[in-house]
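By written order: A, B, C and D. Residues from 1 in each chain.
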């Protein structure tokens, strides 16, 4: 831990910036917004940004709407070693209580997206995502993906890696669903398989858990995550009234 | 693009004002509010204001809650040519990523309303609007409009163009519904037909998409859009419990 | 209008105060909060406070979350004449558009409560209130009131005028429902009849419209209005799942 | 009252601090957040923090989102006597109206948790918690607890007192339910029995009322309360669509 502590002290400059769009600041702003959307309640979910050769990751198990830039881990994007580990965080007055900050358990899943060129990844526990995975399993089976078509908001979803532009209104959106595992990092293999099986997808649902969404940059990842969450909520409401997802 | 760039530089004064009610500022405030209402999630939806001979339009494909006055296009209301085009927008720190701002794809639809005397138009992707279009189609067919009566909030809807005052409690509200198209601008014809077929309406629903709402000024357009969204949400909840919209 | 204008100018001191608890300031704060709760969307609903011999009333047809203290009417509580009428309100930049502010159409209904000793009245268009009136009509008929029992939040409802304390957990809450009318002021007679028929009530539901709630002071009216809204929302959710309101 | 008044004046230093994490400040911040989550509407619910030998308790019957540090009671954690009682609170301008602040009726319930080592307790009136108690009673009977399994957010729930870490994805979460009583303090016996019967639980549901949640510190209590509320809301939505809580 001495060397980690050392690297932290030397590398605070990696997370300190007055620019609100600096990744360390932006992750805090985004997570506060995601909290109000119900995506990261109870310390769940998270967000990570890659900027040039640095990957910024929020720690595990902290109140996501209260994140501070100095809470961030910074990883070398090539070697996946930590360039900065945040300090133990003392909280709640002088009660003898501290959180030894650990990197998000989502880190290997975030890396899987970064390895495919992503610039930002978002992990949401949105209840709409969870409900959609349950409905799909009951109605179409464990092998089925989520499918919906002819809803305008589908236009918020990119066509796929290396392709220009977004899906059209008449395109069918498909989001793969993988089964949850006991440990979050054990999702990595299934996530990568889903990425291979659905090479155009920028999102993978996790049954009874939530969703991983990524994009070339923050703008694209956030737009997609919001668009999908809109579609999942709409899909649940449609199902409550017996309206089909596919015409 | 040289001339567009030139016009931008010369015409920044069109969008810079310390008055919070200046259209360029007001569109930003309104879109941030609409975001919290779920109307413009995932860069969807939008808002446009006509002020004297200038039409202010937000760009396409940007985070609507983060709009800045300098993001606005300004159009000549008579010639429909651009007096100002916003600069390319760099975002997300120094990541080599920029959005070349394009006018909202809703522009021709906004113009259809301005050509009928509107001072403000709002385009919402509200899920309540989308659900209402689905329920109407299933229960009353593709030709039917949305109809509801004897709900107090109907009083938030104007009687019609050139008529004084708003609908009464015992008046039946009718909002026409048009079918969605692959390209947003291709809605223009059907929108204008619905405007002609329902000359009193200040709003047109778009199936599986959302709604276009306009008014003589910002106050009236916002009041109507909120009133309709209230009625759509109520209508969906009524339908869930088997309560009829028409007595 | 000359004398009204004169009284306004002389009586601005009635609404100008740096005290956030001054009624003219408090109505603005409360209405902004009520807007986020969905009670006063689309200029609907409102709030009025009596302070000693002055009654403060917000104007009709304005964006309730944007109220300013100078928008307030002030009425003499004894004579019910206006001591101050607000100025015409110019809005939306220099667009030639102004609202000639009129007192809330709820004013006679607010007065009915003030005449019974209230210090604050709230009028909400909450969808939960509207849905409850529809469910009661369908299930128990037009003469029935809303009844619920054995929910802890009932303890937020006062026992009745001249009685100490609030209802208990085992008390049955009853809120009368009156039929809506074309003009809001025409509700006054039915409201007063309901007040007489249910002398302990501090609230009257209006079918297909919303609710009037009052209290000895702002604290009590707000607490009651929130408690009832909680109970109405819960009642609707219970009904969706076939759970009865009365044991 | 003279001695209580005396102790208040002498002991204001117990609640005055510029540190936002001081318990007296933190209770205000938390309650404002809980208000937006719908947990403490209509003065219901509350929050208490133990810090070393001091227990900080918010008063009963006040607007929870408007709490001030000077509203706090401070109790000696060993003797359970009050070291500080807040002043009568004048509110609403100079209307002759004041609330004589009384300690929360939840105080004996909070103490039951503090006596088992808790550092923070939260009492929520969340409608999701209430609905879950009604569904469990109807489907599984009065003796049944709430049970759910294989939802990722279960990982936000600690394993139990004296045990390291949180429940796993494949662990079944069980939250006991006690019957409500006329007086809140009369819940204490049943709460303590539930604590004994479910020694691993950090939360007890109260039928038709809400939930008591506690934790070793503020961080853990808040994380648990959010995680449980998420699970209750999800459980209600699952039930609406006929999806089972247990596989």
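The definition used in the following text is that contacts are C-beta pairs under 8 Å (C-beta built on N, C-alpha and C of every residue); 3 or more make two chains touch, one makes a residue touch a chain.
Just so it is clear, the model here is predicted, and its values are computed rather than measured.
If more than half of the interface residue numbers appear on both sides, call it same; otherwise different. Which is it for chain B and chain C?
Both copies touch with mostly different residues.
Just curious, how far off is chain D from chain B if you go by their C-alpha centres, in Å?
So the centroids are 43 Å from each other.
Quick one: report the Å distance separating chain A from chain B, using the average Cα coordinate of each chain.
31
Indicate the residues of chain D shared as contacts by at least two other chains.
Within chain D, the residues that touch at least two other chains are 240.
Could you draw the chains as nodes, link the ones that touch, and say if you get a line, ring, star, complete or other?
Contact pattern: a closed ring, each chain touching exactly two others.
Spell out all pairs of chains that touch, sorted by label.
Chain pairs that touch: A-B, A-D, B-C, C-D.
Flag every residue of chain B that touches chain C in the complex, lowest number first.
Against chain C, the touching part of chain B is residues 19, 21-23, 26, 51-52, 119, 150-153, 155-156, 168-170, 216-219, 222-224, 226-227, 229-230, 233-234, 237-238, 240-241, 243.
Within the complex, which stretch of chain A touches chain D?
38, 41-44, 61, 63, 91-93, 95, 97, 99, 125, 127, 130-131, 134-135, 138, 180-182, 206, 208-210, 236, 239-240
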